[in-house]
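Two complexes follow with chain A in common, the first pairing it with chain B and the second with chain C.
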Partner chain A sequence: MAARPGTSVGALRALIVEAGEYLCAVPVHQVVRVLRALPVHPLPGAAPELLGLAEFTGEPIPVLDLCRLVKAPPGPRPPTPVTVVAWAGPPEARELVGLAADSALEIVEIAPAEVVAAGTQTLCGEASVGGRPVRVLNLEALGAP
Partner chain B sequence: MLRGSDALPGSPLTGLLLMIGFGLLGSVGLAVGLSHGTPSWVFYTVLPIGVALLVLYVVLVFLPHTAQHRALVEATEAAQRLEERLGDTSAHIQAGDLVATLALAERLPPRLAVSFANAARSLGALVQQIQNSSIEVAVAGNAVNATASELASGSSEQAAGVVEITATMEELARTAAQIAANAASQAELALHAEQTGDTGAAAVEDALHGVEEVQKRISGIASRADTLGARSKEIYRVLDLITEIAQETHLLSLNATIEAVAAGEHGRRFSVVADEVRRLAQRSQESVASVRSLLDEFAGSIRATVVATEEGGKEAGHVLERAQSAAAAIAELRGALADTARAAREISFATQQQRTASDQVVLTLKEVSQVIQRMAEGLKHFSGTAERLNQLALSIQMLTQSFRLDSSRSLKNLGERWADEVALRAGHWEALGSQIEETVRHSPFVELVYVADMNGNVVVSAANPEWVGSDSQSSAVTAGVNAKDRPWFQAVLRDGRTVITPLYESLLTGERCFTVASPVRQAGGPVIGVLGIDVNLRSWTKI
Partner chain C sequence: MNEQVLLVLDRAGGRWGLANEAVRSLSRRDSGYLIATGQGTIAADHVLEVAARLPVRPAGAVVGHYWPEPCLGMAVHEGVPVVVVSPSALPSALRGRRRESSHATRE
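Right after this comes the complex of A and B.
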């Protein structure tokens, strides 16, 4: 069960975003900014998850397709797509990346005990928020080799 | 007839015998007297006186009387011969044989011969004239009869035709009456329809005005709906703007929360504010969504209203067009109904006149029919009169044929002549048959000619091919026929003259005919047979 922000100690505070049919949770401490979808300049020959490069505070950042990243089935056309700018990679070599999501919903607290480990590198596990399954992203592992 | 004994009651021979008787009686008396003493002078006186008287009687009475008697006998014989000739002549006249009368008249004394000949010729001329006249009368009667029959037939057909025309005219009159009634009813209906058309035209006119007003109202509604639609779009733009602001506020609250989290304990209060802002933004979005939903419904209603008003406007336009067409049609219909009513009145009037005329024609035709029927009856009576006239002429013709004239139209004379020719070939039947056939072929009024011997057996015959056909055998017609019991055969043998039978129906043709039967004499002497000629009446009267 997700907790209200600031009500419990040791809980994970995460930004809930929509990615296709899935809900994903991005740890708040890794989020830098939630913006309207940034204009993306695609890179030729890039991986399918990499939509391209966007400009944030004067610097180019890679923008990843969150749906492809979590392998979510595509949902309806989002009315207000957003780009979540967050730190990715290990703390010693973190980089700003943009995550292209359908919408940013809210910030919730997730008890670590509710997180069920998942078998992939990009996810810490899955939890239940408001009765719906939420996939908790592991952004530190995103930039690991 | 005066006889000699009647003219001279005492004949000379009787007187002489009386004288001789008286002389003998005187002589006997004288002798008796002398024997009884009578004186002799008496004897010698009486005797010479007696002789002298006897001589005187012979000379003065007997001889002249004997000469007169002889002359009287001769005259009597001559008178008897004359009587016989006169009898024969009269008998021929009585029998109507004027040819024989003329022949016998030549044997009469000249004055009588001339008188008889003149009388016979006059009678013959009269009979011939009567015969010719009767033939003409018969022909005229036939013609009148045929014409009258034709006219009567024509009159009957005409009467029947008039009856049919009368029935047709009556039917026409009834039809005209029915048409007149129908036309009057039609005129009344047309008038009513015209009035109804006027009412309908007024109603359509009102409907036109109403539809035009409705169309104007619909146009006004459509205009207002367009205005509302435009305002709705403005509201949508405002809502979009509010939505966008709410989203931005939402993102801003999220970022504020993120920053508050990053600030740690210092950002806790800020986090609460950010959360409130996020909620406010969320409520704003919900309110916008609610307003948008209401506005969608409102816009949908407006669009439906616009569509409805457009359709209503189009329908009103169509209704207006149809109403205008209906008004034009009703106006045209009113004109047509007025024309129909007028035409129906004219038809009614005309058919009433036609009915009156038809009734008059029917009356006239009935009168004509009666006249024709009377005329037909008169013609039938006329035809009957003509038929009787024809029969009368035929009877006269048959009466005139009882005379034998020296004429080709005298059948008795014809029979006698043919009988003489037959007599020349009596016994040579084959040659006679050919001759008769040739004769018959040139006599179209003859059906059959035959010759019977004294026993009544028909020995030769010839039928006219014109009546029995060319293939028929003449002998077959009279084969096995015996005329011995026939009245004409018996009459010819009895009287020795040509006879003509009454009319009877021919066994050969089924038509009326009569037979001319003439005696066949051997060299003008005894009768050796009878010649029969069957004459067709219709053909004979035509001749």
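Right after this comes the complex of A and C.
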């Protein structure tokens, strides 16, 4: 990722979103749009992480429950939940997904050295932003076997 | 992405599409419908459109990972996502009784 003036070389620019009791960082270069929660149509028999399918710009996209994805304890009912539409999967086979989150907060920079590796597939690791722990998402691993 | 003529139906809270050419008959049954194909029957709560021409795109790896059921792809019908299925490999939500005789209303 090229550094912009005033940004640290190699820093990860990330959108911070709330998912239950956790804060999560979604790499900005993978974010397509943040919308008020899209209407989701269930897919019978899907794993709990997959809330269902939604329509986005005329295309069907899967919508994942970010809270379940990162195993966050549920928080209070969010007043204005959002859907973060983002690219997921490896670059050569990327696809659009929706991430259902409680709210979108801000864009921050996270230095690579601040990220402590985590052992799960969908998380790169954890970092501290403003004194609060943030789970850094690895969307490229979403859908991997 | 290809375009297919689909029978669009609701079942078990989901919206589904089935290649129209695979449909042999459609019959009213209790509170729903029974769709006969060469491979068996499909239960439907509602039939929304008999021949919607919709662009169908492959379901991605994310859907495949969290919904390990067979499907041919996905489309959008009147703003609602549709899962396109094959009568020879139905997801569990659509499986009816095999080769059931019924009073057909369409041949």
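Here is the rule we use: the second predicted complex is superposed on the first by the 139 of 145 C-alpha atoms of A that agree within 3 Å, B and C clash if a C-alpha of one lies under 4 Å from a C-alpha of the other, contacts with A are read in each partner's own complex, and residues count from 1 in each chain.
One rule holds for everything that comes next: a residue touches a chain if its C-beta (ideal position, glycine included) is under 8 Å from a C-beta of that chain, and two chains touch if they have at least 3 such contacts.
None of these values were measured; they are calculated from a predicted model.
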item	value
Three-chain arrangement built on chain A, chain B and chain C clash or fit	fit
Comparison of chain B and chain C by chain A residues contacted	C
Which superposed partner A:E114 touches (first chain B, second chain C, both, neither)	neither
Partner chain in contact with A:T80 - chain B first, chain C second, else both or neither	first
Touched partner set for A:L35, first chain B, second chain C, both or neither	first
Partner chain in contact with A:D102 - chain B first, chain C second, else both or neither	neither
Where the C-alpha centre of chain A sits as vertex, the angle toward chain B and chain C in the overlay (nearest 10 degrees)	90
First, second, both or neither for A:E18, with chain B first and chain C second	neither
CA minimum distance (chain B, chain C), superposed complexes, angstrom	22
Common ground on chain A, meaning residues reached by chain C in one complex and by chain B in the other	none
Partner chain B, residues of chain A touching it in the complex	5-6, 13, 15, 28-29, 31-36, 80, 82, 104, 106-107
Of chain A, residues touching chain C in the complex	41-47, 49-50, 52-55, 58-62, 64, 88-89, 93, 95, 97, 142-145
Touching residues on chain B, where the partner in the complex is chain A	247-248, 250-251, 254-255, 257-258, 261-262, 268, 271-272, 275, 278
Residues of chain C that touch chain A when the two form their complex	11-15, 57, 60-67, 69, 74-76, 79-83, 91-93
